[in-house]
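The chains carry the letters A, B, C and D, assigned in the order they are written, with residues numbered from 1 in each.
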Amino acid sequence: MEITKEIQRLMLERMWTIRNFEEKVIEVHEAGEFVGPAHPYIGEEAVAVGVCLALKDSDYIAGNHRSHGHPLAKGGSIKKAMAEIYGRVDGYCKGKGGSMHLADFSVGILGESGIVGSSVPVATGAGLASKMRKKDFVSVVFFGDGASNQGACHESMNLASIWKLPVIFVCENNQYAITNSYENSVAVDNVSDRAVAYNMPGILVDGQNVEAMYEATAEAVKRARNGEGPTLIEGLTYRFEEHSLGLGKIRRGEYRDKAEIDKWRERDPLDIHTKKLIERGILSESDCKKIENDSKVEIEEAVNFARNSEFPGPEDLFEGMWANPIPKP
Amino acid sequence: MEITKEIQRLMLERMWTIRNFEEKVIEVHEAGEFVGPAHPYIGEEAVAVGVCLALKDSDYIAGNHRSHGHPLAKGGSIKKAMAEIYGRVDGYCKGKGGSMHLADFSVGILGESGIVGSSVPVATGAGLASKMRKKDFVSVVFFGDGASNQGACHESMNLASIWKLPVIFVCENNQYAITNSYENSVAVDNVSDRAVAYNMPGILVDGQNVEAMYEATAEAVKRARNGEGPTLIEGLTYRFEEHSLGLGKIRRGEYRDKAEIDKWRERDPLDIHTKKLIERGILSESDCKKIENDSKVEIEEAVNFARNSEFPGPEDLFEGMWANPIPKP
Amino acid sequence: MTEKIFADAINEAIAEEMRRDPNVFIMGEDIRLSIYGATKNLYKEFGEERVLDTPLSENGFFGAAIGASLVGMRPIVETVTSFMWVAMDQLISQAAKMRYMFGGQATLPVVYRASMAYGSGSAAHHSDRNYPMFMNMPGIKIAVPATSADAKGLLKTAVRDDDPVIIFEDTNLMGTRGDVTDDEIPFGKAVIIKEGSDCTIVGIAGSVKLALDAANNLEKEGISCEVINPRTLVPLDKQSILSSVEKTGRLVIADPAHKVCSAASEISSIVAEEGFWFLQSPIIKVASEQVHIPYAQSLEKLVYPNVDKISTAVKKTME
Amino acid sequence: MTEKIFADAINEAIAEEMRRDPNVFIMGEDIRLSIYGATKNLYKEFGEERVLDTPLSENGFFGAAIGASLVGMRPIVETVTSFMWVAMDQLISQAAKMRYMFGGQATLPVVYRASMAYGSGSAAHHSDRNYPMFMNMPGIKIAVPATSADAKGLLKTAVRDDDPVIIFEDTNLMGTRGDVTDDEIPFGKAVIIKEGSDCTIVGIAGSVKLALDAANNLEKEGISCEVINPRTLVPLDKQSILSSVEKTGRLVIADPAHKVCSAASEISSIVAEEGFWFLQSPIIKVASEQVHIPYAQSLEKLVYPNVDKISTAVKKTME
C-alpha cells in the first residue's frame, strides 16, 4: 500500500504531538498543577496515530482511560485537551470530564471511558447507526489487552459480526493491565486470535510501526465501507511509563523487568518512523527536529491556554446534566 | 471407550425419567395445577444424562432456565423436583424457587439460574474451590446457544483456562434462543469453535447420542481431574416442544419449519439409545418398555407427593433469607 | 379518545413514533414475534432494518443503542427489568453518565422499555421492580405508567425527549383497559386521579389502581382520600404531592418496589423535610416486603402492596 | 488497643482472618502489589494460591467468588464501587438472591470490599457511592466503616458471617488514624460517638467525621448534637436512631451518596413513620447533589456533604 508523503509526515507530527503532550502532562502533574489520575500514552503513539490517519473526519472513535493519544491522533484540539486536564471551562468537557473522559464530538471523538471495556458496545452502536442510516462512516474503538477479557468485548464483537457493522476493534496490547501481565490474564497467545470466534479477520500488527498500523486500518476501513463487516486489529506495543501518574512512584519496576523495558524503549515508534523518513529522503534530520520543536511550542501554548482558562464555578455545576432539563430534586 | 452395561441401562432410565417428568409437567400445567413458567427439556435428554452419568456424586453441576433435565440427570430427588414445581414446602427449595430454580445441594446441584448465562461464573468458582482445596471434584455448567453470547461465558472461560480449573462448559445448542435462530445470533459456525479463543479443547458432539455425550464428558473429566484445565463441549440438539409452557400456544411454528421439527423428532435420543441397547442384546424390547413404564409410575408418585405437600404459609416468608438472620427492616 | 388495552397502547405509541421519525427503531429479544405482547405487527410494517431481534447480549446491545443514539438514531430497547443487571454498566456508566461527563456534548435519545413481571410465579430472578436504583443515580429519566393513557403518552414523550429514559412497564397492567389520546404526556407532571381531604395516597405503577380501589372502599367508610399518580419518578412532581399533603395532612405511599430505599422512602423523606409542618400523623410506606420474590403463590401474594394494606395504612394515619 | 491508619486496619483484619482460617482467600485486581493500599504483604505471607490477581473480568471473578463460597471457601474480593456495574448480575442475581431462591440451601460467605474513591478528581466514572442501591435489594449485608476500628472489626465480622457482605470503604478515610482492637464488631449495632440533646446527626462512612466536626463546632455555639455512626446499613440499627431522636426531637442525616433514594432517604422515612411523634422539626438530608461527580475540584467540592452544610442543616432544625 502506498502511503503519501504528506501522511508519512503527518504521522511524525501527530506522534510528536502526543509524546510532547504526555511529557508535559507528567511535568505539570509533578508540579501539582492539576489533581486527578492520568495515564500516559508514551511508547504507544504509533497505534493511535496509524489508526486515526487512516480515518476520515466523519469517522468515529471511542477510547479508554489511556485517553490522551486517541483524540490527539484524531485531530482534536490540543488546547482544549490540555484545558480539560486542567479542569477548566475551556476544556473539551468544560472541566467536567478530566483526563479520563476527553471527548471532542466535533471531530468524531465519542469519548474516552474510565470504565475498562465500557466504550466497546457504544462504538459498536455508532457502527450500527452508520449501517442503518446508510452512511459510509466507520466506528473505531481502542481498548487494552486487559479490557479484552471483559464480557463487553465478546458481546460487541459478536453483534458487529452478525450484523456486519462497519466497526474496527483496535486492541492496544501493551502486555500489562496495571501490574498484571498478559500471560497471567489472557488465555490465548494473541488477542487477535480471538477474531475467529466471531468470524472476522484478526490482524496482529507491530504497534511500534505507525505505517503497519495505518495499513492494517486502511484495509479494515475498506472492508467496513464495503459492507463486509468488522475487523479486529491488535497492535502489539508497550507503555514506556508507569500505568498512571502517581502510581509511578510506588510501583516502578516491581512487575516489569528493567531489561524488558529497555528492550522495548529501543523500539521507540518515533525513532523508527523518523529513521524511515530520513532514509527515504522524505524529510531531513533537521526537518524532523523542527517538527519535534514546533510541537513543543504548540504544547507550551496549550499549557498556557489551559492555565489561563477559568475554573468552572457553582453556576456550572448542573450544566450539562440534561438535554431537556428537569427541576432540581 | 468402554461404557458398562449398567451405565448404558441407567442412561435409558434417566432419559425416561426426564421425558416422562416433562410430559407430566406439561399435562398438569395445562390442567392449571401450578402457576409460573417452565421450560421442557424434551428432545435434549441425552445431553444432561450423558454428561451427568460421567460425573461422581461429589462433582457439581449448575444450569439454566431449562432446568428440569439437569437435576434429574444428576440423580436429584424426583419427588422434590415435582413438589418444587408445584410450589410446595417439600420441594427442593421449599416452594421458594419453582421450575427455573431447581437445586439439590445434597447431590451436588448448585442450582439452575433463570438469568441466562448467570450460573456460568458461579460454576467456574466451584472449580476454583476444587483446585484451591486440592479436591478432585469437577464442576459442570449447562448453558444454551443463546447464553453463549453473554459476556459471562467469555469471562468465565478465560478465567477457567488461565487458572486451569476443573470446569466443563456444556453448551446445549438447540439452535434457538426462544424464537431467535442460531444463525441470527452467533457469529461462528459452532459454539465449540470458540474454545480456541480460550486455549481449551472445544468438542462438538451429537447431542442426540447419549453415549457420545458421555464419552466426551468422561474425557473432559479426566483432563479436569488431572489438572489439565477446562473443556468446552457443545451438544448439538433440538427442543421438540415450544420454548416454555404458555408460550407454546401462541408461537408454535412461526419461527421453525415443520420440516425441521420433524427431521429432528426422528432423531429422538431415547429411540436412538433404545435401539442400540436392543441391537447389542443388553436389553430386550420388553425390558425397555418396562423401564419406560416404571418411570411413569415413579412420576405419578412424584405428582401425588407434590399434590399432597403443603403450600408454604406466612411464617415461611422470611425463612431462608439469611444464614445469620437479621431483624426485619 | 379510544379505549385500548395497556399493551396495545404501547404498541400504538411505538408504531406512531416509527412512522413519524425514520430515525426511531426498536431492538430487543424476540420482538419480531412479539413474545412480550407489545411489539405486534411492527416487523410486518417496518421490516428487519428497523425491528431488530438481538442475541442474548444485553450489555452489548443496550450499549449499541447508546452508541446509535449518539450519532443520530432514536432507539427503543425492549427488555425485562431482571435482564438489566447484566447490562448495568452500559446503563449507568454510559447512558446515565455520558452527557455530563462530556460537558454536555453527548446527546442520547435512547428509550428502554423494561417490563416488571411480578405477581405470577416468576420467582426471584424474574420479578424485579428496580426503579429506585435508577432514581439514586442521576442521568436517566424514569417513567412509571399506571394506565393505558400513560403507557402511550409517556412513551411518545420518551421517544422525543433527548435524554435517556427508562419506562418501567408493570405487567400486571398489560391487560387493563383505558382511554388513550394521541397526545404526549409531559414528564414531571403528576395527576390527581381522585380528590380527597383526609389522606393523600401516592401510588406507583400498578399500585395506583390499588390506591384508587382502597380510596373508593374507604370513601364508603367516610374517609376521603386523594390519590396521586406521579407518572414519572425522574423528574418527580414533588409540588403536587406537597400541595396535596398540605390539604390532607396525611400521607401513605404505595410502591411495589422493595421498601428499603424505595421510591416510597424518597417521597416520604421529601415530605418529612419540605412538608413537615403540614403533617398531622406519621407517613406510612406500603411497599414490598424486604424479601426476594418467592415462587409459591401462597407466599408471593404476601409480598406486595394490596388494597387491604393500603386501607389499613390510611386508617392508621387517621388514628 | 493500638493506633492504626484505616488502610492498615483493613490489611490487619485480612491477614488475621487468613491466618485463622485456611479457607479464607483474597482476589482482585493488582492486589499482590497492593496498588489500592490495603493488601500489602499478603502475597508475601500467603502466596499465589491465596492471593489471586485477577484479569479484568469483574462479572466473571465476582461470580467465581460466589461459586467458591458455595463449596467451602470464604473469599474476600477487592474492588472499587465503580467496577461493580459490570458485575451487577453476579452481585444481584446470584449473591443477593441465591440463598432464598434455593430455599436456604445455599450458603455464601463471600465478602466484597469496594472502595469509594470520591473527592479527588476521579470524575463521574470512578466516584460511585452506591450502597443505597444494594440496600434496596435484599440479600446482601452492607457495612460502612467510619473509623479504623470499624474497618478492622467489621471486616472480621464480615469474613465470619455466612451471608454475602459488601464493605464500602471510603477512601477519604484511608489515611486517617484510630485505635483498633482485635475484636469483631457486630453487625446492626450503631455507635453513639457523641452524646447530645438538641439534634441527632446520623453520619455515614466518611460523613461520620464531618458530622462530629460539625457537632463540635455547634457545641461552641451552644447547640448540643448527638452523633450516630450506624456502622452497617443492612442490618440497620433503627432502634438506636429512634431512641436518639426521641431524646433530641430533631434529625439531620449526612450521607455521601446521591440524595435521591439514598440511605438518608431511608432513615428519614423510617423516622417519619416510626418516630414521627418525637419530631419537633423537619428531618433534613445532607447528601450529595443529584449530579454526576465533576472532575474540576472547583465543582467537585460543591457536591458532597461537608461540615458547613451539616451545621447549617442542624441550625435549620432548631429554628
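By our rule, contacts are C-beta pairs under 8 Å (C-beta built on N, C-alpha and C of every residue); 3 or more make two chains touch, one makes a residue touch a chain.
Only a predicted model underlies this, so the values are computations on that prediction, with no experimental measurement involved.
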Inset, instruction - Please identify which chain has its centre, taken as the mean of its CA atoms, farthest from the centre of chain D. - result: B
Legend entry - Geometric centre distance via CA averages, chain D-chain C, whole Å: 30
Inset, instruction - Please work out the Cα centroid separation of chain A and chain C, and write it as a whole number of Å. - result: 40
Legend entry - Distance between the centres, which are taken as Cα means, of chain C and chain B, whole angstrom: 36
Inset, instruction - Would you pick out the residues of chain D that each touch at least 2 other chains? - result: 54-55, 57, 59-60, 82, 85-86, 89, 93, 100-101, 123-125, 138-139, 234, 260, 290-292, 294
Legend entry - Shared interface positions of chain A, touching two or more other chains: 93, 95-97, 101, 113, 115, 118, 149-152, 154-155, 158, 162, 184-186, 321, 329
Inset, instruction - Indicate which of the five shapes (line, ring, star, complete, other) describes how the chains touch one another. - result: complete
Inset, instruction - Note which residues of chain D are touching chain B in the complex, please. - result: 23, 25, 49-50, 54-55, 57, 59-73, 89-90, 93-94, 98-109, 138-139, 141, 161-163, 187-188, 234-236, 238
Inset, instruction - Please name which positions on chain A make contact with chain C in the complex. - result: 60, 62, 91-97, 101, 103-105, 110-111, 113, 115, 118-130, 132-133, 137, 139, 151-152, 154-156, 158-159, 162, 319-324, 326-327, 329
Legend entry - chain C-touching residues of chain B, taken from the complex the two chains share: 34-37, 84, 87-88, 93, 95-101, 113-118, 146-147, 149-152, 177-180, 184-186, 247, 250-251, 254-255, 311-314, 316-318, 321, 328-329
Legend entry - Parts of chain C lying in touch with chain B, wherever the complex brings them together: 29-30, 32-33, 35, 53-57, 59-60, 82-83, 85-86, 120-126, 259-260, 289-292, 294-299, 302-303
Inset, instruction - Within their complex, state which residues of chain A touch chain B. - result: 149-155, 157-158, 161-162, 184-189, 193-194, 196-200
